[in-house]
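Multiple structures are listed underneath, in structure tokens.
Next come two complexes built around subunit A: one with subunit B, the other with subunit C.
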Partner chain A sequence: MKSSLVFHKVIVGLLVIYLLIPLLGTFLFSMAGKWDHTILPESYTLKWYIELFQDERFYLALQHTLFLIVVTVGLSVVIMLPTIFIITVYFGKWEKWLQAAAMLPYGIPPIVGAVGLIKVYSDGPIQIAGTPWILVGAYFITILPFMYQGIRNSLRTVNAVQLVDAAELLGATKFQAFRTVVFPNIISGILVSTLLSVALLFSEFAFANLLVGGRFETIQIYLADKLNSSGHLTSAIVITYYSIILLLTGTVLKLTFRKEKAPVFFNKKRSLKFLKKSYRQKNTALEGENS
Partner chain B sequence: MKATGNWFNVRTIEPIPPLLANIEEREVLRKIKKQKFYLLALLLPFILFVIGFEIGPLVAMLKDSFYADDGIQVTIQQYLTIFKSKFYLQAIQNSLVISLFSAVISVIIAVIAAYSFTKFSQKIQNRLLMIANMTSNFEGIPLSFSYIILLGNNGLFTLLFSKLGLDVFADFNLYSWTGLILVYIYFQIPLAVMLIYPSYQGIKKQWKEASSLLGGSTLSFWRHIGIPVLLPSIAGTFSILFANAMGAYATAYALVGSNYNLLSLQIASLVSSDVTLNPQLGSAMGVLLAATMIGAMWFNERMMRRIRRDLR
Partner chain C sequence: MSYVTIDQVTKGYNQQVVLENISLTLKKGEFATLLGQSGCGKSTLLRSIAGLEDVDAGSIFIDGKDITHLSPRNREVGMVFQSYALFPNMNVFENIAYGLKMKKAKYIKSRVTKMIELVDLIGKEQSYPHQLSGGQQQRVALARALVIEPKVLLLDEPLSALDAKIRKNLQKELKRIQKELDITTIFVTHDQEEAMTMSDRIFVMNKGKIVQSGSPTEIYTLPANTFVAKFIGNYNVLNMDVFRKLVQRTELDGNEIAIRPEVLQLVSASEDNLDLQANWGIKGLIKDVSMTGNVLRYEVETEASAFLVDDLHHQGKMFEQGAQVHILVPKKECIILAN
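Up next, the complex of A and B:
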């Protein structure tokens, strides 16, 4: 029994090392002064980070990426929230169509989506190929599955239909019912899918490169462009970039795992309950299951 | 009989006789109709986005793939070109092989590793899953770059090993098939672990006890109970990983550029490069890629349904 635990420890240890080595290597490289014939760097320096943070192109690229994320995710919340709410509460029979439309992007890789987008928007009435606006549209679709699942699960866990019925019976209008009863109850459930979407868009490269490229440089395009220049500087970019991603996903994980750490009786807040649910749903979503 | 039934139904749905429909009722009906109209109007932005950026482009791509190079003549020439050209067939083959390879290896590693996960305390399991989740975000351009630093021509490991006199990496070329596979496996493993891990929760301790009470060994438990229960989940995960690798673009782009003949890289250069621009051919290849992906997803969905039935 004991020897088998050692065996499992070795397996997990090897896996963790394997997964972390590229990250650690890049991290050390970004801080290394001289490093060519020893296992660890001979000297450490922060000059690559200083150089990076003085690069205006970096800030511009970061700005572009943030602009796209804020516009797309904002638009997605503003559009998807009422859409999913209206369809779940008032037009239940259309739900399967909504679901099909929302889950389809899972099966369509960006490389395929880009082909059609270029075709549609490079000539004809709306010529937005090469501008950030085509990316907003493409990204809206990219994050659709996440937003859909997050919002729909939240609505389900709070029993939105019954809540609205009750509110309307008590004399509230539809908008009031949504704003004062449903919305406050689902807001933290939506937070998780929003953060996931932000992380997803932060690391999006295919659409950005194919649809817009250097004309509106995002952080990923900037990174790809710097691949051939100084390795140390690029490592610094990679580490800075990955720190942001870690921060985002870390927050998501903390929100979703909070439940496991807190004792059950501590779990009074309703929000925790549906955060857990949305986490579970997230897993199954990856499996392509959408019950 | 049937006619009577129909007649009866029609009668019940028939609107209330005008005499009874007082003004108030009509008012309420009109109000509901008006509200419904507003609610439908709120759906409009969503519908526009889906048509404009999801369905529209897909239809445009499908349509474009049936046009000749001039964009006027309707033909299946583009598909014939692909299936006659050694070059494009090679691209498809390379993509298929690399996806199959990386998916199989990753699934095998994930099945073993996820099982090892379950042997630890819940707290450590959560930690491990967190690591898997975190590293699953390390993909695309940054990941390729990391591998270039470590194993590229002047990579840390490459130099280190050659200085130490070890020739393990002497014949290794990161910018080739082996390198590509290595990087693909790296980004597939965390995903595979996260997908397979939950299905181990479905294997109850009691099953093992029952099996050993009935005289079964550990080996026979896994052969007759464990693996069959896991199988749909393994197959589903495999299809996701396969699709994931088929559609991967950023990683390959950063690592091999256009030096290696892959389906996704070919599509990209057909629709966006100035030298090889041929959107119709690109569309046809896009359709083929999309068909593969949808096939894989369909397979996964079927497998998932099996799981659910098994659990019930």
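Up next, the complex of A and C:
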């Protein structure tokens, strides 16, 4: 039994190393002065960070990215939550259509999608090509699978249909039932979907570049631009935005779990599992950016 | 006058009939059970009464008021679900108080406290559902349904997720509370023993129809047809031709004959002082003996059919497997089924 425990620890340890090394490497590179022939940097400096934090373009890009994320994710929650709730609870038959729609983003490569979107929205009644609003639309679709799966699974886990039945029999209207009984129980699930979406959108490059590009510079476009000038600086950017995500996630989680006096334990477990996934997502995104 | 009336209720799902012309009436304070196998429509009927399912035709009345097309919240019924459906984000007190809050009732605190006393959950007010055992959760669900003082209490297999001992306990408890509040109750179960213990009246359902209704004793001792006989007890149901051949009598009418296993008596084959005035005697061979504790259950093979025979577990009186026996069938305990 003891040896198997060691085995488990080794596996987990290897996984952690696998996930952390790229991040650590990036971090070191962002702090490195001279680093040519040695395993660790020969000298350390903060000048890349100073340069970064003195660049107004960086703040603007960050602002743009945050704006896009807040609008998109907010819109998604406001629209998708009632939609998924109504379909799961009252129109079970239609669920397969919603599911198919939510899977669409996986079926269409960003390049193809972007070209199509530009064509459709550069003339006609809605001319939003080249503005941030077309990005909001594209991002809404991009995060649809996460929002859909997260919200639907939370509804299933708490057995929302029956909770609504019970609440209605106790005199609640449908809206009251949703507000008092369903919503508080799926909030942690929604939160996980939201965080996952935020992380994903933070590292989105293809749509941003193709649809809007330099006209509305996001953090990824800024990063791509800086990639040509200095690897140290891009590392500093990556580490900075990674820290922002981490800070954001940590704060939101802490706030939510403190507010809920007794978070439903199965929910908590589930969301933790989800979180691990979301971190992994971020890490792979980082690796991609570093190459 | 009847308190609950269900009049020719019919319901189907995609061309499949789930409830077919169901009619029944209940008196105030009655404890009625809908008994049947899964898929017989008993839960659908209960959910129709609650307003969670629409009916295709027919009407439902409670206390003289037609509630067929009212929304669940206006029906004044309370319901306990099989999986309890407690609100995970609320503690015991808040769960129970929920209905009163929604109705903007007065004296919420004292009414909830009284209910907590009634279901014996004092000290658990601040606990959350996941901190409670199955039995305690069920008590909360019951209190939550009862506190709004519904006209009818609907129970959808509320005890089936609990283990045997707690279940027996809660059966008694439920019955006590029901009597104490004198509340008209409709209970759904697939467990005939549970139905027998709890009910004033049982409605046996099969394939969307009520096949027999009556007191537990009536249902048990006088099953109306083969289905009830087989479902309600472990009746031996034999084709009449087979039975005629076994007892070598030709004057018996009917299609089938039903005999309860506990009225049959086994005597050793060597015994020749048999009372053949009141009984029929059938020769047999013990094929299997099983012991359920207080009852010995024999499977006896005769030349035409196998019989189940139940005997109380007496010390020293037990037939071994392979023993030759006579089965004594009391004539007046036989139920002739026409269908």
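Here is the rule we use: the second predicted complex is superposed on the first by the 212 of 291 C-alpha atoms of A that agree within 3 Å, B and C clash if a C-alpha of one lies under 4 Å from a C-alpha of the other, contacts with A are read in each partner's own complex, and residues count from 1 in each chain.
Here is the rule we use: a residue touches a chain if its C-beta (ideal position, glycine included) is under 8 Å from a C-beta of that chain, and two chains touch if they have at least 3 such contacts.
Computed from a prediction, not measured in an experiment: that's the story for all the values here.
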Original post:
What is the contact status of A:L23 with respect to subunit B (first) and subunit C (second): first, second, both, or neither?
Top reply: first
Original post:
After superposition on the shared chain, which partner residues are touched by A:K93: those of subunit B (first), subunit C (second), both, or neither?
Top reply: neither
Original post:
Taking the superposition as given, does A:V238 touch the first partner, subunit B, the second, subunit C, both, or neither?
Top reply: first
Subject >> Touching partner for A:V181 - first (subunit B), second (subunit C), both, neither >> reply: second
Subject >> Contacts of A:A206 with subunit B and subunit C, given as first, second, both or neither >> reply: first
Original post:
When the two structures are overlaid on chain A, which partner does A:G113 contact: first (subunit B), second (subunit C), both, or neither?
Top reply: first
**OP:** In the overlay, answer first, second, both or neither for which of subunit B and subunit C A:V158 touches.
**Re:** second
**OP:** Using the superposition on chain A described above, determine whether A:A138 touches subunit B (first), subunit C (second), both, or neither.
**Re:** first
Original post:
Residue overlap on subunit A between the subunit B contact set and the subunit C contact set?
Top reply: 260
**OP:** Could you pull out which subunit A residues touch subunit C in their complex?
**Re:** 158-159, 162-163, 165-173, 176, 180-181, 184-185, 260, 262, 264-267
Original post:
Hey, which residues of subunit C end up touching subunit A in the complex?
Top reply: 50-52, 71-73, 75, 77-79, 81, 83, 85, 87-89, 91, 98-99, 102-103, 128, 130-131, 144-145, 148
Original post:
Residues of subunit A touching subunit B in their complex?
Top reply: 4-5, 7-9, 11-12, 15-16, 18-23, 25-26, 29, 35-37, 39, 79-80, 82-83, 86-87, 90-91, 101, 104-120, 137-138, 140-141, 144, 174, 199, 203, 205-206, 209-210, 213, 220, 223-224, 227, 231, 234-235, 238, 241-242, 245-246, 249-250, 253, 257, 260, 283, 286-289, 291
Original post:
subunit A touches which residues of subunit B in the complex?
Top reply: 35-36, 39, 42-43, 45-46, 49-50, 52-61, 64, 109, 112-113, 115-117, 119-120, 122, 126, 128, 130-135, 137-150, 156, 159-160, 163, 186, 189-191, 193-195, 198, 233, 236-237, 240, 243, 246-250, 253-254, 264, 267-268, 271-272, 279, 282-283, 286, 289-290, 293-294, 297, 300-301, 304, 308
